[in-house]
Each structure stands twice: as C-alpha cells, then as structure tokens.
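First chain A sits with chain B, and in the next complex the same chain sits with chain C.
Moving on, here comes the complex of A and B:
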C-alpha cells in the first residue's frame, strides 16, 4: 500500500488519561495536533480522579488537603513530576479538565481543598480528589454514617453488596445490603450493558420499582457504577426522584463503565475541537528527518501512513500501556528507546511482599525529563528540543501508591503542552 | 479429644498414613498447621520417578521408586498421567555417565532403552539440536494435590479426621509416654488437648521442630528447591538431563503446562522461603540448553519446597545435598535417648515413595497398638473422589462447556471455574469442619492459577463467597490480601514482559483502586 503522508505541528502518542488531557490542552491552545493510540486503555479508569491521596507512601498516611499535600510532596521528593510545575498550574490544569467534563455532560465533583473518601467494591475506602457526579453522594453518606441501602445484582460478578456492607460494618454500621435481579436481564451481567440499558427510561422505572420495597429507613441508596452511559445526569435524576433519596455509584472492578464513559466523551469531542485522530493505530517506527522533524510510521500492524511532525508529546504509559517494556534484565522505552531510569537489576524491581508499604521500586522507574518535560539522558542532558513526555511514563512517581494518577496525567500533560507550544512559537513565531 | 493415632502433618505422607491406618481399622486424627500439602508435598515437580535419576547416587532409592511407580500407575491411575520419559544428554555432557547409564538402570531393574536421536527429536520437537544421547524410561506425572486429597477422603471414609490450621504447641509427657498433644486452632486462637495412643510426627521439613517439642533431637538439613511453571506445555514426556543430578535438569509436563526445575540451596529454616530471582534465571538458562524454547516462553509462576533431609545437621559444612540419601527415615523414639514409647517420626523420602513410607510407618504403629491387620494400600485401589477432582487442568472448562446452566457464572475466566465448582469445594471443606477461604478454594481448584494470577478471580470469588454467606464480617479484605500475597510469592521473580504488564494491572486495581495496602494501617482515619 502506498503510504500517505500527514504534516502537523504536534503528534500526541497515547490515548490514556495523559494523552486525552494533552489533546484537550493542545486543542485549547490551537495547536495543529494529531493523536495516535489504541483507545481501549481508558476503559481501565475507575471513576475517581486522584490528585494526591497518600504521602509519605511508606507511612501510608492519607492526605486530607491535596494541595498542601502536593506542596509537601514537592519538598520531600523534588524529582517528582509534580515538582516541575507551579501549584497554580496544576490547579488550573485540573480546573480546565473538570470544566471540559462538565461541558461534556459528565460533571465531576470536588470538595475544593479536601480529598473525599470513597467506598469501593472490595468494601474498602479510597481517598480521592474528584468523583463523577454519579458518585458524589457516597462520600457524604459515609462521612455521616447515614442509613443506606446497598444494592447488588444477581449475575454481576465481583460486586457483592453484602461484602461491602460487612467489610465496612465498623465504620458504617447502618449499611444494609440487598441483592436483586436486574430488570429484563438474566444470566451473566456486564456493567457496560447494564449502563446502556439504564439510558432507557423504562428500565430505570423498573429498577426503581424493584428497589423501592427494600428502602425502609434508608436515606441513601448505593449501586454499582452502572447508572447510565450517555445520560448519567438523567439516569441519576430519575432514580433519585423515583426513590426519594440521594443515589450514588460505587466503583466496580476494572475495566469499568466510568472509564468507557470518559473514552466516549473524548472520542466525540476532541475531533470537533480540531484534534486529528489516528485512533486504533500505533506508532510502528520513528525517525528524525530534515530540520529535526519527527517522521512516524503509523498503522495497526503495518505502516499505513507517515506523520511528519515538528514536535512529539509521548504519553504512552507504562508496562500495561506498552510505553515501557521489560526484558528479563532491563527496562526499555518502546518507541524512541529513550534512557529509562531504573533499579540496577531485577532483584530490585519488586519487594517480596506485594503490599510492602514502601511500594515497589520499579513503579518509580520511567523516563526522566527536564523542567520543560523533555526527556533527558542519564547525565541530565536534554535529548531533543522537540520531544516531550507526560503521564505515568515519567520516572520518580508511584501513582498507584501515591493515589495521584489522574492529577499526574492532567498536570504533566498541561505542563508538556505549554512547553511544546512555547517551542513551536520560538521556532516559527505565529 | 481422643483418638488411637494422632498424625502431625497433612502432607502426602500424613495423608497416606491416615488412609493406610484407616484401612486397617485404626482411628486417626491429623493436625495440620496450615492446609493440605503446605510443605514439600505441594512444592515439587509432580513427578512419578522411574528411579533412573538415583541410579548412581542412591541405587536403593532408585529401586524403591521403580516399584512404587509401577504400583501407583495401577492403583491410582486417576492421579497419574503415563507420559513416559526421556533422559537426554547434550554436547559437552559427561560421556562416562552416559556410557554407564543403561547398565546402572538394569542393576536397579529399571526399564530403559536407547532412542535414536532423530526419533527422539521427532517425539519431542522442542529438544535442542545439540542432543547427543537419549534413553526412554517409564517416568510419569502425578498430581500431588489430588493424591493427598484422595488419600484424605478415603481416610475420612474409614473414620479419619483432619484438623486444618491446627498447630502443635506442646506435648504432655509422663512416664516416657505422650499423654496428650496440645494444639492451637490458628483461626480461633483456642487451644485444646488431643489424647492418642500413638503420635506420629509426619511434619516433613518441620519434623525437627516437632521432635524438639517432645524433647527429642533430630539432625535435619533443609534443602530448598525452586521450580517454574510455563504457560504452555513444552513436551509430551518428562525430559531429564542425562548427567549427574544437578540444577534445572527435569522438565515435567502437567496437563496444559510444564514444570521446570529444580535447584538445591541449603536454607536454615523451612519457614519463609521464596523462589529467588537468581535461581529463576539459573533454571531458565540451564533448562534452555535442553529445550531452547525455555529461554523465551512465558512463565506463569515460580514456587519452592524444602526437602527434609535427615542427618548432617550436626556435621554442618558444605557438600552437595543431592548426595544425601533421598530414602526416608522412620524413627522410633522409644529406642532413642529421649525414650518416648509412643512417638514415631517419619520424614525424608520422595513423593513417589509416599505410599511405602506410610506402609512402613503404619506397620510400626500397629505393632505398638497390638493391631494385627495387614497393609492394604498395595492392593486396594485409591478411590477417585470429588474432593480432588477440580485440581486437574482442563476438567473444569470441559465440564462447564458441556453442562453449564445460564446462571452458573465463571468465577475464574482464565481456567474456567464456575460457581457450581466453587460450591462443591466449599461443601467439601465445610464437611471437614474447615473455613472456605480464598486460599483454601484456590488450593483445591485452578482458581488463581491462570495468566491473570488472581487479579480478577480474587475479588469475584470474595464477592461470591459473601453472597452465599460463606464469608462474614470484614474477613474479605484479609482474605484478598492473603490470597494475592500468596500468589505474588510465585510471580515476583518472574515479572518481565507480559507478566509484568499483568502485575501492573493487578496493583492498579488492588492497590490503586481498592487500597488493600492501606487497610491494615492502625488508626486508618481521614
């Protein structure tokens, strides 16, 4: 097949949280951007958007005020990616990101300067910054230990209202579980199907009718995260009206509807904002060509087109996202073969205990960047003026233990896009 | 509590002994500090040796292996896969050893025949082209979990009883006899006494600790062996390296996987052992000399066991632990300095000879009890019971595909274990007065043993157990932590490539979202 060639100012590689946020910020700044990547990964977003939930990790200490927490983190860990940004920049990036979700009909709710405590499907509690509006009453109900009915469904695996209620009994004694059939369904249930079926008013009414007899003195009703797909606001409003109490979602196992909702939202709106998508394709090869431009061979299994770009922003994720790859004795970055900060050998990658309070050293491995989010070599020298990196690919952070995944993605994407825009302006002033 | 014989340890020896005594009409109770096959019985190749491995170092053991191999193939065919085996030598291996092999086998009455090199590589295409000699032997594979569970089930049929999570904490000794054994239930913390006419220490690698509680001294060595499980089956037959026994020279197929090992590392204690990264790398590099594909295949899990070797502890020093006899030690503590008339220790030995060890021990016990009934385990087939059937790779998916009802959901999608199988296992655990936790169910099925390594099936199983009222209170969090930590031990040294990406997803869900790492924190407050 003859290869087609596309020219652009910026290629964003990656379609996870960082890649999507980068595309959003690039579009806002009017950059001529192409985005490449398989969009499935965002389906693994669990719903809550973390900013900073735990610091220091080794002490397992919950962070109450994430902004104060970030200030302290940047003092304690000056290499952490957050430390490359002003707090005001992080704050603005999150505000912009949340405003976008609001406009897209999937608003998220924060308590401003406080983290909120969310109940999970495992009956545990998780500190987080922003939650989808569908989850917003959960933290309030938990904080007040309000009488609450928890609903699970026959045929939905990995979500037991009884498990959640009994596991939380010490912290929330007034939690009452019930297990019901889901309207018009039998056999195995899948969260995405359930969510789509609740987009229909008829199913919502049947669900209300099924729950109502169990309501008793409950002041809240909690359900798995299936309350609608495109029309979450409508679904939530109808359920709350029908039941007469606030209703909230509990995050389920992954992949989750919450992540798929985000993916759909980005897929619908980014192209309209000027992003040129090359989704369901990946970068198969990369070359530096005349004038320092990047030439990327893009396709699914074989190269279908060449993208020639003045700059690249790498948001390709870690091992699960395939941005990093580990061979038996070393870790590599998969697209540019960038230097990867990593422990000396495999003996030091992981602790012997999965839940070791220190967190596994390999999770802090990754690509190191300069103050403009450009990858550096092991001596700290910037490698290329027009290559940037953001998101979980970055070294010196442990997003899973620090509970900072979304904030890290959004804030570093914003920082990298800003630097990239500055670079493009310098080279060819508008 | 009273019984005729108290057996300490529910490894394959203890299980075999309980069945043997049961068949002779003797009443038994087994106390096990954890769960079935917790020690070396669960940490081995699952190899039913032809005996050929021991022809040079230990001809007596080699002959015993051969006899038991033939017997178990006949009496417990449902636990055995008659794969056959090959001994193969590679360019550079000791030619004298190769030349002596057939003669030595013959002297131990082990059947062997040379195999043409081309034919060997046709039979086993995975073999390296550096092959210089090959002999066929009648190796087979045996499922150690099924074997123990079936022995226990048959023992139960004959009045035997198993107490899991019951740790021996001391003995009441009077006039040269154990009057009672003090046991603590590790789940409830309650202590109780068991009075028995004879006490048998079948604690495997922990036999020395138990003996010490009775004031007896056993000098034991602990030799750790590490093994790797591949994602797919690499060969039809058992493949042994034809050389003096050393590391990583046996590749054993088991259902849909293969098991490669082992190592031999001296450890100070049988507790808290891990498969180490340097062992894993060494095993892969060595194994790849025989079967080159072992260098690049995906490994699902590493595990290890401790071989209890009698003698040598006092001598200390180095030496090759493989040179110590793999024969077993049956010790009558009545005839030793501690003079405890009703205390017997059985340890050492091999999976292949477990039945013989049980027989010899039961003979001694029966002499003490004045019971004249003869052994029957060498003639009576081992019944195939439901307790053990779900450990077999491939059985659950076949059964589910053939018979499943629409509402019989798969708890484990990798290995296709449905709710109905979980319920069957739960019922069987409850029948033995046990608590159906995640680890106990994992031990008795394929749950957690597929490529997801417990990422998804752990929480699905926890949710299911809660909905069916099998779990209560906040047990679930502890169950999840324990189950995943146990799985992790076997994954941690093998985390590169796809397995590392999978482990990252596991941590993203169980730590990133569920915050399991934070749950034990004291004063978890916000």
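Moving on, here comes the complex of A and C:
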C-alpha cells in the first residue's frame, strides 16, 4: 500500500484519559496536532474523576481535601509526577477539563475543596473529586444515610443491589435493594444497550412504572450507570420527575457506559476543535528524521501513512493500554523503547502478599521525565528535546491505589502540552 | 463440388441449433413463474407480446430506436470505452459486411450488379479492407482479454478459441487470395476456361502481361519484351479485363502474394491453393455450424435482447413472459466480462475463490441450474456466489447486451432455495451451535482450500483479548435482540473466548457469527485491537467451505445421506 504522508506540529499517541486531555489542551493552544490511538479503552473510565483519594497508600488513609492532599503528597514523594506541577496549574487544568465536559452536555459535579464519598458496584466506598451529574445525589444520600431504594436488574452481570446493600449495612442501613426486569429485555443485559434504550422516552416511562411500586418511603433511588447515552440530563430529569425523588447512578463494572459517554464526547468535539484524528490506528514504527523530527508509521495492521511531526506527546498508558510491555525479565516501553524505571529483576516486581496495602513495585514502574515532561535516561538526562510523556505511563506513581488516575492524566497532559507549546515556539517553525 | 454439401450440412446444423436454442426459451425453468405455466402457454404469450409490441406505434418506435442506437450504434459500449467500441464495431461490421459482399455474394452483390466479379474493384478492395477491419477487431479483442486483469480472469478457452476461429477465417481467406494471385496453375485453368486456347504460342504474350502486371509467378518467367507486352495487353483487354482488376488493390492479400512469389513453384507443385480453398471453406462452415452453440449466437440474440430491453425491465413484463426473457438473456450474453469488472462484490472473489461470485461466471451457473446439470457441489458454490450478491444492480446497468441481470439473479436465488440450496444462513438455521459443532467437526477442509490469510487458526489473533465485553456492548445485532442468548446463542466476546480456546467448530454455527452485519464496530472499539469482525467473517466463510465439502462427500456416497441431518423437531425458535 502506498503510504501517505502527513506533517504536523505534534502527534499525541494515545486516546485514554491523558491522550484526550492532551488533545483538548493542544487544541485550546492552537497546536496543529494529530492524535493516534484506539479509542475503545476510554470505555474503561468508570465515571468518577479522581484527583487524590488515598495518601499515604500504605496506611490506606482517605484524603478529605484533595488539594491539601496533593501538597502533602508532593512533599512526601518529590518524584511523583504531581510534584512537577504547580498546584495552581493542576487546579486550572481540572477546571478547563470540567468546563469542557460541561459544554459537552455531560457536566460533572465537585464539592470544591472536598472529596465526595461514592458507592461502588462492589458495595465499597471510595473518595473521589468529581462525579458525573448522573451520580451527584449518591454521595449526598450516603452522607445522610437517607432511606434509599437500590435497583438492580435481572440479567445484568456484576451489579447486585443486594450485595451492595449487604456490604454497606454498617454505613447505610436504610439502603433497600430490589431486583427488577429491565423493560423489553430478557436474558443477559449489557449496559451500553440499556443506556441506549433509556435514551428513548418510552423505555424511561416503563422503567418508572416498574420502580414506582417498590418506592415506599425511599427518598432516593439508586441505579446502575445506564441512565442514557447522549441525553443523560433528560433521562435523569424524567426519572426524577416520574419517581418524585432524586435518582443517582452507581458505577458499574467495566467497560462502562460512563466511559463510552466520555469517549463519544471527545470523538465528536475534538475534530471540531482542530485535532486531526487517526483513531482506531496505532503507531507501528517510529524514526527520527532530519531536523530531529519524528516520522511515525501509522495504521491498523499495516502502515497506511507516515506522520512527520515536530514533536510527540506519548500518552500510551501502561500494560493494558500497551504503552508498557512486561517481557520475561524486564518491562519495556513499546513505541520508543525508552528507559523504564523498574525493579532490578522480576522477583522484585511484586511483594509476597497480593493485597499488600502499599502496592507492588511494578505498579510504580514507568517512564521517568524531567520538569518539562520529557523522558529521561537512568542518569536523569533528557533524551530528546521534542518528545514528551504524560499520564499513567509515568513512573513514581500508583494511580490505582492513590486514586489519582484522572487528575494525574489531566494535569500531566496539561503540563506536557504547555512544555511542548513552549518548545514549538522556541524552535522556528519547519 | 463436394464442398457445397458441407455448406448445406453446416447451414442445417445451424438452423436446427437455432431452433433448438429458441425452443429452450420456452422450456427452461427460470424463476418461480415457470412453475405456473407450460411451454405452450409461454410460447403463445411470447408471440402475443411480440405482436403487441410491433403494432403499438410507440413501442415499435422504441424498438427501432434501440435497433439503431444500441444494436447498430453500440451506444452502451461507446459510453463505457471508446477503444472497446472501435474493437466491437470493427469486428461486427467487418464480419457482417464480409458475409454480405463476399461469403454470400452470389445472393447479394451478384444479383444487384450484373458485371459483378470478386476480382474487380470495388469488391476486391472492399473485401480486403473488411478483412483487415475484422482482423484488427480480433486483435484488439484478444489484447483486451489478455491485458485487463479482471477480464483475463473471466476469459474462458472458448472465448479465445472463437476469436482465433474468426482470425483463422480472415487469414485463411487472405492467404488463399494471395496464393491464387501468384498461381500459374490457376492462370492456366482460367485461360482454358475463358480464352478457350491451349496453344503456348498464343498464350505467351498474355503470360508476359500477367507476369508483369498481375504478379503470376511462372517458371521459367516468360520473356517480357515490349512487343509481347503490347500483344498481351490486347489479349487481356479481350478476355480478362472484364473480370480482373490489378491485384494491387487487394490490400491484405497482395503483400502476402509478393511474399509468396519465391515459393510459387513449390506451391504450384503441391496445388496449395486448392488446399487453402478447402481450409477457408471448411473453417467458415465450421463457424456457421457452431453459431447456435457458442456465444456467436449473440449475433441474433443480443439485438433481440436490446430491443426487448428498450421496452422496459423484466419486472414490467407479464409474469408468464419472464422465464422466456430470462432464457433469452442467458443466450444474449457475449461473456464480455464488463459486469464482473463493475460488480460491487467482485473484491470478495479475491478472498473466496468461488467464480460464481462474478456475475459473468454466475450466468453459466444459472444456465446449468435451469438445465438441471448441476452437482451438489456446484449448486452449493452457485448458492454461495448468488447470496453474496447485494443486488446493487450495477451488472444490469453495465451489460451491453441489455440483459436484465438483476431480475435473473432474483429468479435464480428463488430457484436455488426451491431446489434445496438456500443461502448458507438458511442452512445454519437448521441446527443449534452445538449441533453444528458436531457436524462441521467432521468436515475440515483440506489445507489446500484454506485462504492465504487465516486469522482464526493463529493464536496471536486473540492473545490480547481480555474478555472485557466491549465488542458485545457496541454490537448493534446484540442490541436489537431482546434476548441475545436465545436469538444469537453467543455474543461476540463469547465467540472470541471460544476462539481463544481454539474451539473453532463450537463457534462456527452460532447465530451470532451468521447474524453479524460486519459493521466493524466491535473491531474498531476493541481496546486491545482484536480483529473481531474479521474473525466472525472468516468463521462464516470457513463454515461455508465445510458445508460445501460435506455436500460433496454426501454426493459421492449416496448411502450416507445424513451428513447434514434434517432439522430436529425441537429446532431453534424462528428456524
């Protein structure tokens, strides 16, 4: 196949939370950016956007004020990617990101300087910074231990209202589970199909009719996160009006509707903002060409085009996103073969106890960067002036246990795009 | 002349063949309409339809217009490719006019012009020019069949042999004429017949004149002094000029004659020109006899087809007339291959090497099916090809013979279903996935029949699958099902799971695999880049191949009729 060539200022590799945030910031800064990646992985976003939920991890201490928490984290772990940014920068990045979601018709709700406590599908409670508006009444109801009806559906795997209620018995005694058939569906249910069918008013009415007889004295109704796809505000309003009480979503197992909502939002809005998408394609090869520019072979199974870029921002994620690959003896960065900060050998990847509260060394493996988010070698020397990295790929963090995934993605994407824009300004345009 | 018998024989074969082929238009079962009528009624109704069209001024005008623009002017071919148009015009007009002014000259030009002689101008020049024209047409046609990759793929030996046959007729004619020009034997014969003299003294001046001006190769060459030539000219004027122009106007044969001159003595000794005469005559007879049994028949049928086409599509015909029209369509095909070149699903042929996918090839499959000359294997292949067709109608639009192919395919699909060869989806509905697993397990296709790219046998295709169910979540087929387990038996991610375990047969008969609409959402959304849709597609093709082999084995072993067992009474809902 004949390869077509595209020239641009910046290639963003990756379409997860960090890649999408980077594309958003790049578009806002007017950079001529191409984005490459398989967007399906954003379906693994569960809804809540964490900033910092737990610190220190080993103690499992939940963070009340995430901003104070970040300040403390930066003191305790000066190598943490957050420590490369001013608190004000992180704050502004989050504000920009949330404003974008708001404009896109999928607003998120924060309590400002306080984390909110969210109920999960497993019946645990988790501190988080922002939640989709569809989930906003959940933390309030939990905080007040208000009488609440929790609806599960026959055929929906991984979401048992009864299990959630049992697990939360101590924290929320007035949570009453019920299991109902989903309107017009039999057999196994899939959240995306449920959400799409709730976009139709008819299904919403049937659902309201099905739930109402069980309402009793409930002041809230909780449901799995399937309340519509494109019209969440409408779906939520109709259900609340029909039931007469506030309704909220609880995150489901992944991939989740919450993630796909984000994905579709980005897919629709980013190209309109000037991002040139090469979605559902991957970087299959990379070369440094004249003038230090990067030439990337892009395609699905074979190279379909060459993208020649003045700079690259790597948001390729960790093992699931295939940014990192665990070989027999070592962990590799998959696209540039960058040096990876990692335990000396395989034996040190994990502690003996799988559920060790402090996490495992491999969880903090990743690509180390300088203050401008440019990957560095093991001596700390910057490798390339025009290669940047952001998101979960970065070393010295454990986003899952620290519950800082979204914040880390958005903030480091913002930092990296800023540095990249500065770099592009300094160097005369090609 | 004994040869005339051959001509009569060829003409009789031709006539009988034409009648036979025409008769079949009213007998061949093509489409469900043929079940509700008889050959007699089909014949009567066709006659009525023709009569009705001829007496109706507007419809007659339409037919005459088609005759002028489409038949004589070949407008459809001109629209498609000017070069092809030039080729076909040269070939058709070259051959037709040769028939008129040369082959049947006794009945045409000789009747019209009392002074006609084949060796006079303009007839000699015209014959040679027409021969060159036809030959040029044959050469371009052969080049097209060789150069265009699609056309080369669909070209059969018969297509090429017929072109070579036409070339042989023209070339043998030209060589014959050249041999006659240089032949002293022929000269002697003519002198005896027309001058009535065998006195060498008397003939010598004419010999000298003809050796010089008509290129006859005498051995030894006659003396050519001025006096002899003058006398020869007088003799020529008296005895020859009324029938003979100088051979220089035989633009094709004359250069050949010049080339033959050195060999003339040998040619005369073995009487080559007589043998050439036999050859030319017999090859021409052969072509005549073959006419109704080869695509040469299109000389008669394509004009008819184009005139009928001008009346409207087959769907507008009375039901009773449709089978005959379809049969006429089968006979009007010139196997030019343009339909296959523009077929929307022709690219599938690159992956599934079943020729019945291509419309130009499927047509003969349909003809065999109608004639009852199919084996289970070929019928399966025809069914597969027929049901890959998306009925986009491009073949009909492009057909220069005006065949309503779309109608033909619609009818043949119904015929296939009726004769027990429904689309593969139809087969699949007969059993559940687990029943199919057992059936198909015994019929793995031989390695040679495997496609070049095989995803499903390669574990690397699935290694990244984490069973996250994204494919199932985005699948519109799962979405429209009220109960996927019941309607589809498996969801895409469950199919992928079976594939991870290399339980190919268990997945092959699942309704999910067969109901996949190949929208590729699963594949595009898969966070791990698994080629889900490609895998489903491949499974379907493999099952088809296995069904085909199963059918073949059943055919070769009549005692085992239960390779594909009949659907059980507790079959699947909706089956």
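The rule is short, and it goes like this: the second predicted complex is superposed on the first by the 428 of 430 C-alpha atoms of A that agree within 3 Å, B and C clash if a C-alpha of one lies under 4 Å from a C-alpha of the other, contacts with A are read in each partner's own complex, and residues count from 1 in each chain.
Keep in mind that, in the parts below, contacts are C-beta pairs under 8 Å (C-beta built on N, C-alpha and C of every residue); 3 or more make two chains touch, one makes a residue touch a chain.
The model shown is predicted, which means the values in this text are computed figures rather than measured ones.
**Student:** Look at A:188 in the shared chain and tell me whether it touches chain B only, chain C only, both, or neither; answer first, second, both or neither.
**Tutor:** Both partners, chain B and chain C.
**Student:** In the superposed arrangement, which partner chain does A:86 touch: chain B (first), chain C (second), both, or neither?
**Tutor:** In the superposed model, A:86 contacts neither chain B nor chain C.
**Student:** Report for A:217: first if it touches chain B alone, second if chain C alone, otherwise both or neither.
**Tutor:** In the superposition, A:217 touches no partner, neither chain B nor chain C.
**Student:** Report for A:352: first if it touches chain B alone, second if chain C alone, otherwise both or neither.
**Tutor:** Only chain B is touched by A:352; chain C is not.
**Student:** For A:166 in the superposed arrangement: first (chain B), second (chain C), both or neither?
**Tutor:** first
**Student:** With both structures fitted on chain A, tell me whether chain B or chain C touches more of chain A's residues.
**Tutor:** The partner that reaches more residues of chain A in the superposed model: B.
**Student:** Is A:282 touching anything from chain B or chain C once the two structures are fitted on A? First, second, both or neither.
**Tutor:** In the superposition, A:282 touches chain C alone.
**Student:** After superposition on the shared chain, which partner residues are touched by A:337: those of chain B (first), chain C (second), both, or neither?
**Tutor:** neither
**Student:** Once the shared chain is lined up, is A:43 touching chain B (first), chain C (second), both, or neither of them?
**Tutor:** Once the two structures are laid over each other on A, A:43 reaches chain C alone.
**Student:** For A:302, is the partner it touches chain B (first), chain C (second), both, or none of the two (neither)?
**Tutor:** A:302: touches no partner chain.
**Student:** Would you tell me the residues on chain A in contact with chain B in one complex that are also in contact with chain C in the other?
**Tutor:** Residues 44, 186-188, 254, 320, 322, which sit in both footprints.
**Student:** Report the residues of chain A in contact with chain B in the complex, numbered from low to high.
**Tutor:** Residues 44, 46, 54, 60, 62, 64, 115, 117, 120-127, 152, 154-155, 157-160, 162-163, 166-170, 179, 186-188, 251, 253-254, 318-320, 322, 325-328, 346-347, 349-357, 360, 362-363, 399-401, 403, 405.
**Student:** Per the contact definition, I'd like the list of chain B residues that touch chain A in the complex.
**Tutor:** Within the complex, chain B contacts chain A at residues 274, 277-278, 281, 284, 406-407, 409, 411, 456, 459-460, 462-464, 466-467, 469, 471-474, 476-477, 480-481, 484-485, 488-489, 492, 495-497, 500-505, 507-521, 524-526.
**Student:** Show which residues of chain A lie in contact with chain C when the two form their complex.
**Tutor:** 38-41, 43-44, 184-188, 190-193, 196, 254-255, 260, 280, 282, 300-301, 320-322
**Student:** Looking at the complex, which residues from chain C come into contact with chain A?
**Tutor:** Result: residues 464, 466, 468-470, 472-474, 478-479, 482-486, 491, 524-529, 531 of chain C touch chain A.
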